Amino acid sequence: MANLPFIAAIDAGIHQEMRRDPSVLYFGQNMATTENHDFVKAYGHDRVRVTPISETAEIGIAIGAAMAGFRPVVELYMAEFMLVAMDQVVNEAPRFRYMSGGQVKVPLVLKAGFGFACGWAGQHTGSLTALFMGVPGLKVVVPSTAADAKGLMATAIRDDNPVVFLHHYLLTLEHGEVPDGEHLVPFGKAEVRRKGGDVTIVATGWMVPRSLAAAETLAKEGIQAEVIDPRTVAPLDLDTILKSVAKTGRLVLVDQAPRHATVAGIIAGDVAEQGFASLKAPIVQVIARDATVPYSEPLEAYVIPDEERIVAGVKKALKGGR
Amino acid sequence: MANLPFIAAIDAGIHQEMRRDPSVLYFGQNMATTENHDFVKAYGHDRVRVTPISETAEIGIAIGAAMAGFRPVVELYMAEFMLVAMDQVVNEAPRFRYMSGGQVKVPLVLKAGFGFACGWAGQHTGSLTALFMGVPGLKVVVPSTAADAKGLMATAIRDDNPVVFLHHYLLTLEHGEVPDGEHLVPFGKAEVRRKGGDVTIVATGWMVPRSLAAAETLAKEGIQAEVIDPRTVAPLDLDTILKSVAKTGRLVLVDQAPRHATVAGIIAGDVAEQGFASLKAPIVQVIARDATVPYSEPLEAYVIPDEERIVAGVKKALKGGR
Amino acid sequence: MSVQAPNAERQIWIYTQMLRVREFEQRVKRTFTDHPGVIRGHTHLADGAEASIVGSLAHFKPGDAALATYRCHGYPLVLGSDPKAAMAEIYGRADGLCKGLGGSMHLTDVKRGFLGTSGIVGAGIPHAAGAAWAAQIRKKGEVVFSFFGDGASKQGAFFETLNIASLWKLPAIFVMENNGYNVVTTTAQEDANAAAGEPLSTKAKAFAMPGVTVDGFDPLAVYATVGEAVERARAGKGPTLIESKVYRLSAHGNIIAPPGVPLHYPEHEAITVFGKREEYEAALRGDPVPRFRGILVSSGVLNAAKADEIAAKVGAEMQAAVDFALKSPFPRLESALDHVYA
Amino acid sequence: MSVQAPNAERQIWIYTQMLRVREFEQRVKRTFTDHPGVIRGHTHLADGAEASIVGSLAHFKPGDAALATYRCHGYPLVLGSDPKAAMAEIYGRADGLCKGLGGSMHLTDVKRGFLGTSGIVGAGIPHAAGAAWAAQIRKKGEVVFSFFGDGASKQGAFFETLNIASLWKLPAIFVMENNGYNVVTTTAQEDANAAAGEPLSTKAKAFAMPGVTVDGFDPLAVYATVGEAVERARAGKGPTLIESKVYRLSAHGNIIAPPGVPLHYPEHEAITVFGKREEYEAALRGDPVPRFRGILVSSGVLNAAKADEIAAKVGAEMQAAVDFALKSPFPRLESALDHVYA
């Protein structure tokens, strides 16, 4: 075990796989521009390269290299930058295996940060997870701890399908205990971050620590919230959520995105279909207010769900009935 | 009233607005390439132009022209083609008014067909509506009748915000009665296509006629389904849906997209939060099977929801209880 | 660097492959009338581009790769794919190259180095560059062929990719089949170089990359030009942009219509949209397939008898493909859920 | 076509505007140390580009428009925006140009023709072309200035837009501020022309558009070059691509860090990443602001006293902007929900 910041844990996961598998490539903008670059020193310029600001070509090149037998990891920095290449992400990478009748596989990882709500304003602060969640052939990973960041990155690299790896920028420097040796975290297994019998909270990314903080506040009032972190939203471990709801009967979904752009809403739809009998009260969504993220600090804080709103959401779920 | 095919009704809506407002522009690929082109003849090349295959520039140019006082309508043919320009659609057009503190407005219409499930296979048959639904600042229109196609297009052109106008390609030649003179259909007002007290069906685009057909079949068995067509999903007229569910207690959402990519799932989430008390049974989603759309005819039909599966979904909703 | 002309035997091979592509696609086209409803969606024929396709792929070696667009029937046939499997795919049958999941726009045959085709204009160009990066890492002198249209050179993916390919000296050959049209838009209507009377290969200057324009109706000219580019690429000297001037001898594709409307191939847009029948007929008079046959016969490489023999053989081969595909069963319904994930 | 050099008064105006931009941004930079926490997110300074910005916008007339990137503080100041409102926006206050909703990366002042700025690289280039189309339709000889960086010329939006702009003869001036870097990537590391020792203006050839390279540290050279392009555009002769060679005198932006870590401006990447202190110091010795002051003094256009007077006036103006912005209140919380829809 080593105590590492989130960002170092991701790198550790990439190193782990590049060391064992020479077919893993790592490239993107504003990396590997000198010989001193960590990954360049370790693996050389054949496998580690800087690219121009050309996301469409970057991701397209990753697809071609993957079809030709490699496992590229593309550094994209911010999830929004994938939007200029959205066709490659949702209508190319996940399509080729299927359209070829299983002849090719497209193992690649698109690494991008998101949700950097600290003054980056309208075009750099989005929470776009839901955009990638419903594409057959595509997997989507959203780690919330340093250990998962390493383990899910390693699993993403070994996966034979395209994977969007979304790490929350506000967690970048959060430290956590990370297993030293080979560490892999399976896809499709949610983690119960806190046990509780009164209400179920589901959250991803930065909303996980916020929800845990809210849960502690609620505990002081004798309310025990179970906090579930899906860790991967495609595949989504609905069973773990349904089991918890079967126990608590109440569900609060926390999401940094605005209404109709959330993972929360999508999970709510699944539970309303498959866990309806367990529900004792309306499913509550604690999500961003309906606006582009504003620059000014108090306004930004007003738009994004905070501990207080999560607590209020839980109380609403507890009050609610049929 | 004139009996027009869907496609002609859309043109009628564009003509109606171009005639009355010289600031309306219409351009895109593979149109206006000769002087005989209907719109070129009527409005000239200043306002009607053919573009290269450059969606990012096309939509970006529409944004700039809109900020400079015009009302561009961009012909994009297929919704997937917007993916190469997704940044312009979701992270540029809807942002400028907000980020400028209300100084600019960006009135434009992105016209695109979708869901052409007739052998167009993996990259041209998607139902991407949900991708655009949760973007503050963006409006999304999905007509299912010729009359609405004209009236919603006209309203979209007059709207001062960016509007994604998604017409279902399989409806292209469907005829319908279309009002002759000025015709406008308001945004945010769902239409109850069929009244019924036993179950509520919500569907958009081509799934509307399929749901109505299913409703007729069910009627023969004495089951009266109410079929609601939201017509615009942003803004979404949740009230009309909630009112119906308050009456029927049972909700079936029909959508051509696969799980976690549907408007259905998002509406289910809203109803599970705001209409929970009315629900007598789990919300049923009748949606595409989880695959890229295959080419082969029987497989394509197998993947996409048909009348039979809608009927089955309704019966499931009727059987279901708490 | 100059490429040796193909010997007689190789010239006959080139002609035979051109004819195979033509005969295959004529049957695809005839299927719309002979067997209505058997082909759905949108098909795109390569007639007019056969000399360009074969002259290019004549340089293909095992280990090389090729990627293309929705207009993709010709390449795999030249690379050795079974016409039966190709036709079965276009008919949506279980014996298709892609098990009926891909269709006409997405023929793929990895065993023969035909890696994939994108139906999104320009989107396949970076895929080819990625495969070329793989080849560069492997250091076996393998190259990648990227085929796309003139219209694709107006899509961001084209520019972004060629810059990187040149910068990284990737072993790629970018073959732009300039047939003068993007559906119903002429090149001069959408391309600033064309509007200024400049060749589209001029765009290579934006990437400090060699750019060449060649007569795509002449398989030997294409052979020489692409051959040089392939030598450069194999030698690690980087990519080349080749503008191969061809002409579509059919419409862009079959008509686009919802189910119920019988699909068919209309006349070429030069006639239906622009009323330039003469432009089309001039192109037809230059049809590369009969033209090359004539050249081979007059140069004595081929005699009429041998040529007829080839034609008969090829015709029979392609007719067998149709017969096979018509008999091939549809895939199991559940197979629609195969291959979503690896 | 050649542009008359600016007269003495105009030269003094140019110098004054350059100084205004510099003095404003030095205070933005100092805010990180003087008032920690007041500026959040990411700011990007134009220091080193002042001569290019002012030499270009000296040709701006009422009715013209300008669009730029996240590195956007200079343009509106030159176009007449109130520095108080600009600083208040960067501080996220209610009196900001954009009411605190936009911030440093999105300064906008429509009344002065500064239409908008995109934080997405290359994305603003087509917006400028769209505004130019509007100007073309209006037929009043209005033009649109599009400012972007060297790195943006690797983004598809750049290529797609310049092709259309040339094809449509749009009245646009595309000013690429080539500061040699995309964050920590040098131009030669990401651009095939640069790697081949060619100017980036070479890319104009892909669009049959005039392309010129100019010394962006020399406001009079920029004035002449952009002036010609503006004349062409106003005359309906179409767009021009201008590569203006500048150098960032600060780092790309303040450090990127989550809340809790105090933000500051590190040294330039030439030093911190590449260890090329000499490259940076050479650029600093050519700093266009003191350099132009020197030129004006030695040419007698300006005497030292007058120059000091200007400096004092500008310094006071910009200090007042800081004082005003610090006192400006934060916006009402509910105002976060204003202006989502028109």
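Think of it as A, B, C and D in the order they're written, each chain with its own count starting at 1.
We adopt the following convention: a contact is a pair of C-beta atoms (placed from the backbone, for glycine too) under 8 Å apart; a residue touches a chain by one contact, two chains touch by 3 or more.
This one's a predicted model, so the numbers in the text were calculated from it and none came from an experiment.
Student: In terms of CA centroid distance, which chain is the most far removed from chain A?
Tutor: Chain centre farthest from chain A's centre: C.
Student: Could you give the separation in Å between the centres of chain A and chain B, each centre being the mean of its C-alpha atoms?
Tutor: Here chain A and chain B have centroids separated by 29 Å.
Student: What is the distance in Å between the mean C-alpha positions of chain C and chain D?
Tutor: 46
Student: Quick check: how many Å separate the C-alpha centres of chain B and chain C?
Tutor: 36
Student: As a quick test, compute the distance in whole Å between the mean CA positions of chain B and chain D.
Tutor: Result: the chain centres lie 40 Å from each other.
Student: Listing for chain B: what residues touch at least two other chains?
Tutor: Residue numbers touching two or more other chains: 51-52, 54, 56, 80, 83-84, 87, 91-92, 98-99, 121-123, 136-137, 290-292, 294.
Student: Mind pulling the chain C residues that touch 2 or more other chains?
Tutor: Where chain C meets two or more other chains at a single residue, that happens at 96, 98, 100-102, 106, 118, 120, 123, 154-157, 160, 163, 167, 190-191, 340.
Student: What graph shape do the protein chains here make by touch: line, ring, star, complete or other?
Tutor: The chain contacts form a complete graph, every chain touching every other.
Student: Give every residue of chain D touching chain C within the complex, in rising order.
Tutor: Spelled out, the residues of chain D in touch with chain C are 154-160, 162-163, 166-167, 190-193, 195-196, 198, 202-203, 205-209.
Student: Within the complex, which stretch of chain B touches chain D?
Tutor: 25, 46-47, 49, 51-52, 54, 56-70, 72, 87-88, 91-92, 96-107, 136-137, 139, 160-161
Student: Inside the complex, what are the residues of chain A that reach chain B?
Tutor: Listed in rising order, the residues of chain A that touch chain B are 56, 80, 83-87, 90-92, 94-95, 98-99, 121-123, 126, 130-131, 133-137, 234, 236, 257-262, 264-274, 276-277, 279, 281-285, 290-292, 294, 320, 322.
Student: Provide the residue numbers of chain B that touch chain C in the complex, in ascending order.
Tutor: 29-30, 33-34, 50-54, 56, 80-81, 83-84, 116, 118-124, 169-173, 289-292, 294-300, 302-303
Student: Mind pulling up the chain C residues that touch chain B in the complex?
Tutor: 39-42, 89, 92-93, 96, 98, 100-106, 118-123, 151-152, 154-157, 182-186, 189-191, 257-261, 273-274, 330-331, 333-337, 340
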